[in-house]
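Note that the chains are named A, B, C and D in the order they appear, and that numbering of residues resets to 1 at the start of each chain.
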Amino acid sequence: MSVIDLPPDERAIETTLRVRYAETDAMGVAHHASYIIWLEQGRTELLRTRGTSYRAIEAAGFFVVLTELQARYHAAARYDDLVIVRTALAELRSRAISFAYELRLAERGTPLLTARTEHIFVARATSRPTRLPPELLAALRDIRTP
Amino acid sequence: MSVIDLPPDERAIETTLRVRYAETDAMGVAHHASYIIWLEQGRTELLRTRGTSYRAIEAAGFFVVLTELQARYHAAARYDDLVIVRTALAELRSRAISFAYELRLAERGTPLLTARTEHIFVARATSRPTRLPPELLAALRDIRTP
Amino acid sequence: MSVIDLPPDERAIETTLRVRYAETDAMGVAHHASYIIWLEQGRTELLRTRGTSYRAIEAAGFFVVLTELQARYHAAARYDDLVIVRTALAELRSRAISFAYELRLAERGTPLLTARTEHIFVARATSRPTRLPPELLAALRDIRTP
Amino acid sequence: MSVIDLPPDERAIETTLRVRYAETDAMGVAHHASYIIWLEQGRTELLRTRGTSYRAIEAAGFFVVLTELQARYHAAARYDDLVIVRTALAELRSRAISFAYELRLAERGTPLLTARTEHIFVARATSRPTRLPPELLAALRDIRTP
């Protein structure tokens, strides 16, 4: 299995969420699919705090479609735990974008998950992969280099 | 609280599903929101086995939007249990449709849930409530009176 | 259908959440089951801000099991919308507890949902309905009468 | 990114499921986290059709805890599509187990997802990683070599 590198980007952002009861399973801990949804929340907040938002990208006529997902689970979160989602932009090209994530418990800093996702840009009108227009790319690049 | 009447419709249909691990919670049983999603599966199968399908209704330009939900939980389903969803058309008007449901365990017949949902028809183009065209209404009525 | 009364309790609490992409469906709005999970988040925060927490109730040996759910959907929330969940204690007895909810959009105050849930107390050791011990009941009552 | 090998195991099993409306998102297709839950359904059915079941493993005092997840998304499934989940045992050791998956549309065979998951065995009593007892290991091995 390939190594998931921790995000080296110093401009990563942190989002905090609380584990919902509905997100737990019969093992008494958060179900592993819940973490995948939390990653999405991390991406949403990363885009918002910088030059654009995912909603704005969709409004401009593009979807950001997930094509690859890697996740390593280190420890389990429980109901009502506060979880910190650290999200960084890992790579940006005109046709694709990657994010890296670290999740940990707020209370003791226990590492929960390390993950990476790859996405492509898709034109809503044609449902086909496409390049993002320069102005949107610039807004996204704004995340990495101030 | 109002009484949720059991579906009197003899033309109700039954769908069987198996409780997924992701649908359980830390109480060790299926989370109460999982049942709400199972109702949707019951509606889907009811429409399919008769004159139309929900996919066909959407393709014709209409959404069937849930406006009211009532559910009574009688017992808990567990991971890997087989659940029978009995779905009946409760009421049909040109602007609205209602369904009634009974869920029970396949193995011993233990009643799990009684529920009722109300929906309106919405035009996809305008996002506004609308009447369903006669041909679609007829297809839906076909569920009740053969 | 019975009327769902708006919570008269002046000691209701408000929780804000943001609609996740995973909570939307192919209609382009939040799926109706997502709201049911948001109610749970409202209950969690109501209990926390007062005399106890749901986690503490479980640690003391009790589950609070949902037995009835009523919800009226007034308008749809979309991805990234901020939703305010107003939660009030509706009724408290030694064996049961009810909550009432109003959900609205943060931005324009658009009403989204009115709901009510009924729950019973269940002993974790026996999985049977039970009375809550006086000290936990007192903590819960503390929500209603200061 | 590492290559996810297609399962070479000729004793892979196939499970069919139908995409639920609740599993779609505002892009009009199944949300990427839904596929992760379908993998779990594949594992459940793989174990059932052979020497044991996941429920039996839990009853014997063990959890099978996911520690790593890799998934490649090739195409999107839509509401009401029939999806075939092909699941194979990839590796079995006394302390760990891996599965490989291929998902495709039933209708045209369109490849949807390739994935692999790694799991460890955890004792329910201690919440610690453990070896599976020989009789359970033998039942699991029975999946690979008849």
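Keep in mind that, in the parts below, contacts are C-beta pairs under 8 Å (C-beta built on N, C-alpha and C of every residue); 3 or more make two chains touch, one makes a residue touch a chain.
Not measured: the values here are computed from a predicted model.
Contacts with subunit A and subunit D are shared by B, C. For subunit B, the chain with the farthest CA centroid is A. Between the CA-based centres of subunit C and subunit D the separation comes to 34 Å, rounded to the whole angstrom. Subunit B and subunit D have Cα centroids lying 29 Å from one another. For this pair, subunit B with subunit C, the centres built from the Cα atoms lie 23 Å apart.
Counting partner chains per residue, subunit D has residues 21-22, 26, 33, 37, 40, 79 touching two or more of them.
Taken together, the subunit C residues at the contact with subunit D in this complex read 21-22, 24-26, 28-29, 31, 33, 78-79.
Within the complex, the subunit D residues that touch subunit A are 1-2, 26-27, 32-33, 36-37, 40, 58, 63, 65-73, 76, 118. Subunit A makes touch with subunit C in their complex at residues 18, 20-22, 37, 40-41, 44, 53-55, 79-80.
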